[in-house]
Each structure stands twice: as structure tokens, then as C-alpha cells.
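The following pair of complexes shares a single chain, subunit A, combined with subunit B in the former and subunit C in the latter.
Now for the complex of A and B:
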């Protein structure tokens, strides 16, 4: 609850900051539109050549794209900007100000910077997802909806743990921008269902960068492909990831010596 | 002539040293350039597998050859000028370049060539890994390979001049993201990056064949693979030549207008 309240406060601050530059809204709209348009365009070219890609129907491929953009937008909305800010704070020593605040430091650095215009990606993603689901025609019953919602939440938790663990490395290494670039490049593979990749890539996309849990598993839940075991596995991975990244964060924080003196 | 060679020699030495210094950033870029074609390669192989037959003359191993060649030729011809030019204008570092007695584009060409030379260290192993993982099938054709160097050089200059010219939109709008994103979205489809253009709807591939995007990469790739008839190869080279000259004229014209607009705060 406390986390949500803080997130809301920072979102309001972020909105005030961004609303001062309203032209950026249109720029973001164009960017999101082009990104979504070209991704769907490629899907269109692909499905013009085949009816099903490893068993995924066109509408299901579009659903994967929807989930991909919804998660992408969420990362860019709060996780990426907050943690980039955090890494800069470690470098410059201004993390001191955060640490003196009477709140959990991990929570503070995770929500401190909200780029509200990135909501456009989330909205586009969810809209495309809704359209795709409507086209699928299959009844999305309460069980499937629940499975989808929990898969999405678990995926978000795993992605968050991954990012916080990466960011925590800033306590030891000065420059990590390049590592984050690698995340983005690999994340692009999530536009397609993981099943199409060869085994060695699938392992990398599940374990090294959690694309599988973030995008494919929720999409599988929606299209009725998910079995209970996978969802249970995702829950297990999510709990381990959250706990492990928390431990790692605490370990890193002890390393921080501050900039004062 | 000797002066020009001396100039390039010096610029190239400086640029190579710079690229070796920032090798980590360069390697990350390379990783991105490996991942993207591999994703499209996997997608199209999956399409070929799902259909159980070749797609417009490409089966899974042909797609592997297409995207491996794409990866190599893209490395040789790509530029990153559109990503960086706006910072030169915003932060005024262009002022220093304008003080030099030579056009800044020379240093950019040297830097581009230097990056590519230095990154061969990464690129060759990456190409070998892709080849081992996806088993491409090459059926090279002699005359077509002989024309390839010309096509690659023309592709390089078309792309370099065109993107340098477009990058100068930074003189008029300091946020060039909109221009860049639009350009890359068009490029994605019409260049043969998302798919060989033969897989696009017929009317679109007919248009794409005559546009600079295909001339910049799709055409050299298909030439290298021996996919083109002699007539199409020659007309493709002609299209490339026209676009190279057009792009050269474009960059010269925009530059003349652009520097007049430039007014930086001194550093």
C-alpha cells in the first residue's frame, strides 16, 4: 500500500514535470505509433506467407505484440527511468539524499522517476491486446483472465528483479549503460513467441534476460496454452528473483560509501 | 591527390585510435547488430518450416544465407550519423569542426571506416557463430560476385550521403527523433531488412526496387547471393548510381543552407 502511495506521489510529480513540455506528448505519440505500426507490419508480412507460425494463429501473434508493448511501456514508465536516475546518483554521490529519507531505499529508488508519457505504449499495447483477443473469438473465461493477470504480474515482478539486480551493480561498476543497452536489444526478441527460437536461444531468453516470463508466458495464458506447472514455475521464479535481488541490493548498499567528506 | 591521401591517412589514424579506446561501447552496438538479423532469420525460418516448403524461393537455409549476408553487408554500409548529429548542433561541438579547413564529412567517413575496421575483430567471429548455428546455403554466381564490390561502394555512399543530409534536419528542429524514427520505419520494410522484398505485396516490392532503401542493402545482398538475373543486376546498379548522385547533391544543397542557420554558443 505504502509503495502504491509513493508511486502515486512520484507519478504526480513526474506528470507536472512532463506537462511543462507538452510537445513531447505528440512526439511520444508518433514514436509509439511508428514502433507499434512497424511491429504489426512485420507480423502482417509474416502472416501473409503462412497461416500459423509454430501453431500460433495471426491473432495470437498480435496478442504477443500487445503484451510486449504493455510490458515495454511499464519498464519505460517507471522502472528504467528510476533506476537510471539511481545509477547516476551512485556515480555522483547524491544517493545520500535518498538514504536519509525515512522510507525503504529500494522502494524509493525504484519509483523515484515516472515518465508519464510512456503510458502511451502501455495503452497501445493493451488496446492491441484487446483487439486481438476479440478476434480470437474464443471465450476468455474467468479462469483464463485470472491466469493472464497473474502471469503478467509475475512477469513484471521478474523483470523488475532483473533490473534492480542490474542497477545494484552500479555500487561496484561505474558505467552500466551498455549493459542496459544489451537488455533492450535482447528484449526485442520478445515480439515473437519464444517457441520459434532454437533451444539455445530459448534458454538465454528465459534465464539470462527474462523475456520468456515477461511476454510469452502471459500471452500463453491468454491463448489457453498455459499449463498450471508453467504458471507455478513462474511463481517460483518470481519469488526467488524478488528475494534474491533484495538480498543483492542489501549487499550492494553496504558497499556504498557516499560522497560526503 | 597526394594531399587528399595524406588527409585521409591522418583522419583514419585518429579515428582508429578513438574507436579502440571506446571498444566496449562499440561491442555492445555489434551485439545489437547481430541480434536483430538473427531474430528475423529465426522468424522466417519458422515460416518456411510451418509451410513445409520454400517461401518465394527461400527455404530455411536460404534465409540463413540471406540474413548472414545482410549482417555482413549492413556492417560495411551502415552509418550512425542520424543518432549523433543533433548533439553536435545542440551542444555546439560543430563549431570546432567548422573551424577546420576541411568539411566535417571527411572526418565522419574516416570514423565510419575506422569503426568497421576495428570491429572486424568481433564481426568475423559473430558471422562464424551465425553460420555454424543456422547452416546457410550459399550458391554464389561468379559474375554477380564480381559486381558486388561496386554495389557495396555505391550502397555505402548512397546511405552515407542520404543519412548525413537527413541528419542535418537537426539545424531546423533540435529534436530529430521524429525524423529518425520515421526514416527507420520506412527503411525496415523497403530495404529488405524485415523480409527480402520479394516477400512484400507485389505492388510494394515493385515500388521498393526503385527506392534508395533497397539500393542501400537489399540489392547488394541479393546480388551476393546470386538471386538476380543479369538484367536486374545491371538495372539495380543503375538505380544505385542514380541515388548516389542524388544523395550527393542533396547533402551538398542541405549543407549550404544549414550552416547559414547554425549559430552556436561558443564552448
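Now for the complex of A and C:
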């Protein structure tokens, strides 16, 4: 509850900050439009050559793109800007202000910077997802919808844990801007269902960088491909990831307060 | 965890043999050692704070003096819960700072003159609002505090301006206000007036003094500007190489460490001490146009004054303590010897 309260506070502050530069809204709109357009364009090229890709129908592939954008937007909305801000604060020493606030420090740094315009990606993603689902023609029952929502939530939790763990390394290495790029370099692969990739890559995209959980699993849930075992596995991974990254964060914080001048 | 209930007579801050050692990476110059350090880092232990003990009463303002790297900020950070001490204990309002309990953090504040917590792009008051939400200040209390602060610091026109449009001094006033919205009982001020012009420095100083009077908050202040310390702190703690060299009244510091006094002479016109070699009396700091300043060892001051008055046509003579900066410098050099 407290997390939502703080998220709301920072979202409001973030909105005020961004509205100071209105032109950015239009730029973001254009950027999201182009990104979505080009991604769908590639999908269109592929499906013009084949009816199904590794068992995924055209509309299902579009659904994957929708999930991909919704998650992308969510990361860029709060996780990425907040954690970049955090790493900058470590470098510049302004993290001290955060650490003297009477709130959980991990929570504060995780929501401290909200780029509201990135909601556009989320909205585009969800809209494309809705269109694709309508195209599928199959009824999305309550069980499927629930599975989808859970998979999405679990995916978000796993991605968040991954990010916070990467960012926490700043406590030791101070200068580490590029580490967040690791995620972006790999995340692009999530535009396609993981099944189309060779085995070694699938493993990497599941275990090293959790693209599978973020995009493919929710998409599978929506298209009726997901079995209970996978969902259960995702829940397990999410719990471990959250707990593990929390522990890691604490170690990092301890390191920071032990070593910085 | 239960919040300790501080009793009124207990010192607000109690520090016993507090030490902090950092492992600082070291490497020799050159590419080779730069490459080696990627794989294997050598570190060296640096004792930033050594066995510091002190007590600060509720409502007291204490100035921390010391050259750069003396350990002032490190001490402050340990007391604010930002750094874990390597040894020793600290209690602030009955809390152990590094436990960072919410009840503790709600009662302290930190102002760093060289760093900002206000957000760059949004109006000042929106940054205030963020702090209001984090500290969960009731809207009525918040309104009252903001009104008070903006009266005292003259913030009226600044509140709805984006921070990037403020001057350094204006920004600092807003930083101070933002740090006090939750009416903390302990203020850690690390160089709060650095880089400000004289008027703005005085403004901030007067405000801190006033806040201390009104709320009875304790203030720990580090500053490079002696004027800050002279105006605010009856008590100073002089730190050098991580150790406390002096802890006591500011006036006492001058008494104890000033070895010399300054004699300012004005001689009768027409006789500007021509031919008189003033260096017979003491070290000539300046002379000319019928005036001179001499630096005299403290013990010899009465005798020298008498000699000057009897041997020269003195029109006016004043005896002064040396400027505090000089005294402090002496404290540091005495320790180095």
C-alpha cells in the first residue's frame, strides 16, 4: 500500500516535471508510434511469407508485440528512470538525502523517478494487444485472463528484481552507467516468441536476462499455451528473484555505508 | 522495534570513542598499474575519525571546525546514520543512528551546501510537496510550516519558480526550508553557506539561530566560514586528522591557543615614528602613514604596551586578539609539530 502511495506521489511530481517540457510529449508520441509501426511492419513482412511462425498465428505474434510494448513502457515509466537516477545519486553523493528519509530506501529509489510520457508505450501496447485478441476470435475466459494478469505481474516482478540487482552493483563499482544497457541489448529479442530461437539463446533469455518471463509467458497465457507448471515456475522464480535482489540490495547498502566517504 | 523515548535531560547526542576507517583504493600512476588495478585492487586503510567522544545537549549549537579531510563530514554522516562506525558508539535522541529507524529519521535532517535535494525542473513547492508526502506531514501542519519558513526566509516569490531558475543563494534558502518541513529536532548542516555571498550567508545564519531558539532543536554545523561559527556557535569542536583537538567555548579557544596579540598604533602627526625602528618592539605586520600594527607575544603585551607609550608619541593604541582563523591555523600547526 505504502509502495502505491509513494508511487503516486512520485508520479505526480514526475508528471509536473515532464509537463514543463511539453514538446517532449509530442516527441514521445511520435517515437512510440514509429517504434510500434516498425515492429508491426516486420511482423507483417514475416507473416506475408508464412502462415505461422513456430506455431504462432499472425494475430498471436501481434499479441506478443503488444505485451512487449506494454512491459517496455512499464520499465521505462518507472523502473529504468528511477534506477538510473539512483546510480547517479550514488556517484554524486545525493543518495544521502534518500537515506535520511524515513522510508524504505529500496522502495524510495525504485519509484523515485516517473517518466509519465512513457505511459504512451503502455497504452499502445495494450491497444495492440486488445486488437490482436479480438482478431484471434477465441474467447478469452476469466481463467485465461487471470493467468495472463498473473503472468504479467510475475514477469514485472522478475524484471524489476533483475534491474535492482544490476543497479545495486553501483554500490561497489560507483561508475556503472553501461550496466543497464545489458538489459536493453537483450530485451529486443522479446519481440518474438522465444520458441523461434535456438536452444542456447532460449536459455539465455530465460535465465540470464528474464525476457522469457517478461514477455513470452504472459503472451502464452493469453493465447492459451500456458500450462500451470510454467505459471507456478514463474511464481517460484519471482519469489526467489524478489527475495534475492532484496538481500543483495541490503548488502550493497551496508557496503555503501561502510565505505563511502 | 520500540522507539526509545528520550528523556528531557539526556544529551541529544552522545558519542563515545567513535572511529571510522575507510579502505581507500590506491594505485600508482601509469597504464600498467591502471590495468593491474582492474583485476586486483590494492587498498589502504585511512582513519577518517579516531576515537571521537562528545555530547551535545538539546538545543545546543555546536560548530565543527577543521581543514578539508579532517573528519567533520564523516562524523556528521555517522551521526545521521549514513555511515556505520568502525568502532565506538553513537546515540542520537536515544537511537543508534546506523539502525536508521524511521522514528529516528523523522526527527533529523541533513543539509549539504554542495548538494541539492530539490528537483531541478519543477517549482520549489512541488519538491516541498514530495517531502510532505514522504514524511507524511498533515496538510494543516505542512501549510503552517511552509508559511512560517517562507516568512522567515523570504521565500514568497520563489516557491512557484522551477529550481533551475533560482540563483545559488535562493536555491540554498529553499534547500534549507525543504529540509525543515518536518520540524526536525536535530539539524546536521554540512557547509550550509558555501559559495553564498555575504548577505545570503548572514541570512541563513540568522535563520538557523532563530530556528534553534524557536524549536529548541540541536544543531551540528560544519563550515569553512568563521563568521558562521562565530555568529552561531558558543561551542566549537576542532577536529584535525580525525581527532578532537579542542572542544569548548569559542572564546576559550582564542584564550588558550592565541599566542600573540596585535597592537595597533597611531602616532602623533609630524612624528610618524621617523627614525624609530618599530621592530624593536615586536614583529611589524604593517606600518605607514602614522599607523602601525605589531604582533607581540601574549605574555609580553603589558610590558611592550608600557614601553611604546613611554617611548613614542602615541596618539592611540588598541590591543586585539588575532583573527579566529589565525588561532585555528595555530591549533592545527601545533598539532602537526
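Assume the second predicted complex is superposed on the first by the 256 of 261 C-alpha atoms of A that agree within 3 Å, B and C clash if a C-alpha of one lies under 4 Å from a C-alpha of the other, contacts with A are read in each partner's own complex, and residues count from 1 in each chain.
Here is the rule we use: contacts are C-beta pairs under 8 Å (C-beta built on N, C-alpha and C of every residue); 3 or more make two chains touch, one makes a residue touch a chain.
Just so we're clear, the structure is a prediction, and the values are computed from it rather than from any experiment.
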* Is A:52 contacted by the first partner subunit B, the second partner subunit C, both or neither? -> first
* Using the superposition on chain A described above, determine whether A:227 touches subunit B (first), subunit C (second), both, or neither. => neither
* To do: Would you check which partner chain A:31 touches, where first means subunit B only, second means subunit C only, and both and neither mean what they say?
  => first
* Asked: Looking at the overlay, what does A:188 touch: subunit B (first), subunit C (second), both, or neither?
  -> first
* Check the residue A:92 against both partner chains and state whether it touches subunit B (first), subunit C (second), both, or neither. => second
* Structure fact -> Dual-contact residues of subunit A, meaning touching subunit B and subunit C, are none
* **Residues on subunit A engaged by subunit B in the complex (per definition of touch)** => 27, 30-31, 34-35, 37-38, 41-42, 45-46, 48-54, 178, 181-182, 185-186, 188-189, 191-192, 196-198, 200-201
* Spell out the part of subunit A that touches subunit C in their complex, as residue ranges. => 5-6, 9-10, 12-13, 16-17, 20-21, 92-94, 96-97, 99-103, 108, 254, 257-261
* Using the touch definition up top, name the residues of subunit B that touch subunit A in the complex. => 24-25, 28, 31-32, 35-36, 38-39, 42-44, 46-47, 49-51, 55-56, 133, 175, 177-178, 181-182, 185, 188-189, 194-195, 199-201
* **Footprint of subunit A on subunit C - complex, ascending** => 22-23, 48, 73-74, 77, 80-84, 98, 100, 102-103, 105-106, 108-110, 112, 115-117, 119, 121-123, 126-127, 129-130, 133-135, 162
